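Structures are listed in the sections that come next.
First chain A sits with chain B, and in the next complex the same chain sits with chain C.
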Partner chain A sequence: MAAKILSVDDSKTIRMLVAKAFRAFDCTVLEAGNGEEGLAVAERERPDLIILDVTMPVMDGVTMLTKLKEHPELKRIPVIMLTAESGRDNVMHIARLGARDYLVKPFKEDQLIGKASRIVNLPARRGPAAAAGT
Partner chain B sequence: MLDYKELAARYGLEPIPDSVTRLTQLLARQDADLEAIARVVSADPELTVRLLRVANPRATSDEEFTIETVEQALLRTGVGCVLLLAMGVPLTTAIVKTFRTMVGLEVRSVHPASVPPFKSEHLYGRIRFSGKATGQIELRMTVPVARRVAAAVLQSPEDHLQDPATITDTVGELLSIVTGNFKSNLCDAGLNCCIEPPQVHLLAQPASSPPAAGGVERLAFRGNGVEVAVTMIVDPWAE
Partner chain C sequence: MSMFIQNLDVTAFLRQQASDVFQTMVAPEVGPASNPDGLHGQERITGIVGLGGEQVTGAVYLHLPLSFAEQVTRQLLDLEGAEPLDEAAVNDVTGELTNMLAGGFKSALCDRGLVCAVSTPTIIRGTAYEIEMIPDVQRTSVPLSAGTHPLLVEAHLKLG
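Let's look at the complex of A and B:
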């Protein structure tokens, strides 16, 4: 079954870039604009991987990660933090909360795919969409 | 037990520059005197020139400096300001790296006077940071440049970008990345602070002048027909 990947970022630009990065692979990318929306989508869709920003309005990524890890049915979903914040204390705190991996913005598509493919199976997409790169 | 060095290696994180660490350690000491700080600054010619530029805001060239020594400049700006100036190095690195990685464009730091002021309509972005260090990072670029940059980031033809919100969101995200990297360096230097979401909008005329107190450093970047102006404004330092 195709992997479900949830991208949680308040920036539409980043959500578009994440969706585009996974277009060549047989997977579904879901989107949320903040941690609160992210938790709701995670509960409803049970994604295989969450790509999570830190600084967001309404609910930030650290709070969402904390709540996710407290949730008995969601706590095993692996999370890759995708953030511009690389401060030592933040990284340590987020690692302790249970983030699987950490990717610092600015980032390249292949870095994101490399980290994601170590967690979920990403077979190449077949069909016209893959051929057109769309 | 988590070890930061192991984590940093695993995650591919870049450490804070040594010069910033040295200054932070020195400034954190209660007994650090001006001479000791001046010695560290003087050992870095680039930092020295940038400090003198901040201390001589009316000078249009380095020959017009009336404050000529590092000690005089430190007295004028406050010792805390020099740490923020040292942060200008990683800020510059963050801007160059962000444009290279996200935009696919090589920009290089140029003298701020070589980029003409934005007198007509342009895109203006701002992110404030507050905490042990308080201030803001501003970014300016012309509308055509913003459109070109956004198209490059989104890998979309420029004429497909009809929605101005897409352009402002993209520029805002670039600014967020740069400021997020900058904030991380501040935190690593012991200056814990938070950043606010970016505010990006069209300005019909030049922005109002920055506050006279505190430190203001102007940076400019150019590459392949793209010119970007960045201003780092640091509020008066709470010594």
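Let's look at the complex of A and C:
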């Protein structure tokens, strides 16, 4: 079954870049605009991987990750944190909260795919959609 | 003259960070500009991300000509030249680029013990606006260019 990947970011640009990065692979990319929406989608869709921004309005990524890890049925979903902050303290804080990995913005598509493919199976998409890049 | 914060050359850092952000995301070469007033009189867009902490407060600004911001947005989102461009998309891209700049700067400050948080980005558009400083704020302006496009990165910081 194709992997479900949930992209949680308040920036539509980043969500589009994440979706574009996974276009060539047989997977479904779901989107949410903040942590609160992200938790709701995670509960409903049970994604195989969450790509989670840190700084967001309504509920930030750190709060969403904390709540996710407290949730008995969602706590095992692996999370890659997307952060614009590469500082030591920030990275250690993210690791302590239980994120599987992190990616510092700005990032290239292949960096994201490299990290995601270590966590979920990403076979190449077949058929016209792959050829059209959609 | 550049501002130094515990061996951090703010001008050099912002120049490198801007270059990294643009080259990674949209690939144009970004370098120092010979004309510091290159944006004067142009229709432009400014992304602003605030920095707040006990020992440092301020903001990072990214000023772009609107035409360049639109070009970057089309490139990032894979939009053809004929496709209409949503104003919100240009705002979002400009905000996100500013966020990347400010996030790197925030990390550099935090690594030097100046712990602070960043705000979500806000946007200003127009042709004839200036950003004034309140007292005790130090301003670092870094004029840059991406091809023929002038850019300006600024940090306004209040320490202590």
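Methods note: the second predicted complex is superposed on the first by the 134 of 134 C-alpha atoms of A that agree within 3 Å, B and C clash if a C-alpha of one lies under 4 Å from a C-alpha of the other, contacts with A are read in each partner's own complex, and residues count from 1 in each chain.
Heads up, the rule we're going with is that contacts are C-beta pairs under 8 Å (C-beta built on N, C-alpha and C of every residue); 3 or more make two chains touch, one makes a residue touch a chain.
Since the model is a prediction, treat every value here as computed from it, not as a measurement.
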So, after the overlay on chain A, do chain B and chain C clash or fit? They clash
Look at A:D101 in the shared chain and tell me whether it touches chain B only, chain C only, both, or neither; answer first, second, both or neither.
-> first
Touching A:I14 in the superposition: chain B (first), chain C (second), both, neither? both
When the two structures are overlaid on chain A, which partner does A:M92 contact: first (chain B), second (chain C), both, or neither?
first
Max touched-residue count on chain A (chain B vs chain C) belongs to chain B
### Message
Looking at A:I5, would you say it contacts chain B, chain C, both, or neither? Reply first, second, both or neither.
### Response
neither
Once the structures are superposed on A, label A:T55 by its partner contacts, choosing first (chain B), second (chain C), both or neither. both
| message | One more residue to check, A:M64. First (chain B), second (chain C), both or neither? | response | neither
The only stretch of chain B that collides with chain C once the two complexes are overlaid, out of 1-9, 55-63 or 91-99, is 91-99
Residue overlap on chain A between the chain B interface and the chain C interface 10-14, 16-17, 20, 55, 57, 83-90, 105-108
Residue set of chain C touching chain A in the complex reads 20-21, 24-25, 73, 76-78, 88-89, 92-93, 95-96, 99-100, 102-104, 106-108, 110-111, 115, 118, 120
Interface with chain B, chain A side, in the complex: residues 10-14, 16-17, 20, 55, 57, 83-92, 95-96, 101-108
Chain A residues touching chain C in their complex are 10-14, 16-17, 20, 55-57, 83-90, 105-108
The chain B residues in contact with chain A across the complex are 2, 4, 7-8, 11-14, 97-98, 100-102, 150, 153-155, 166, 169-170, 172-173, 176-181, 183-185, 187-188, 192, 195, 197
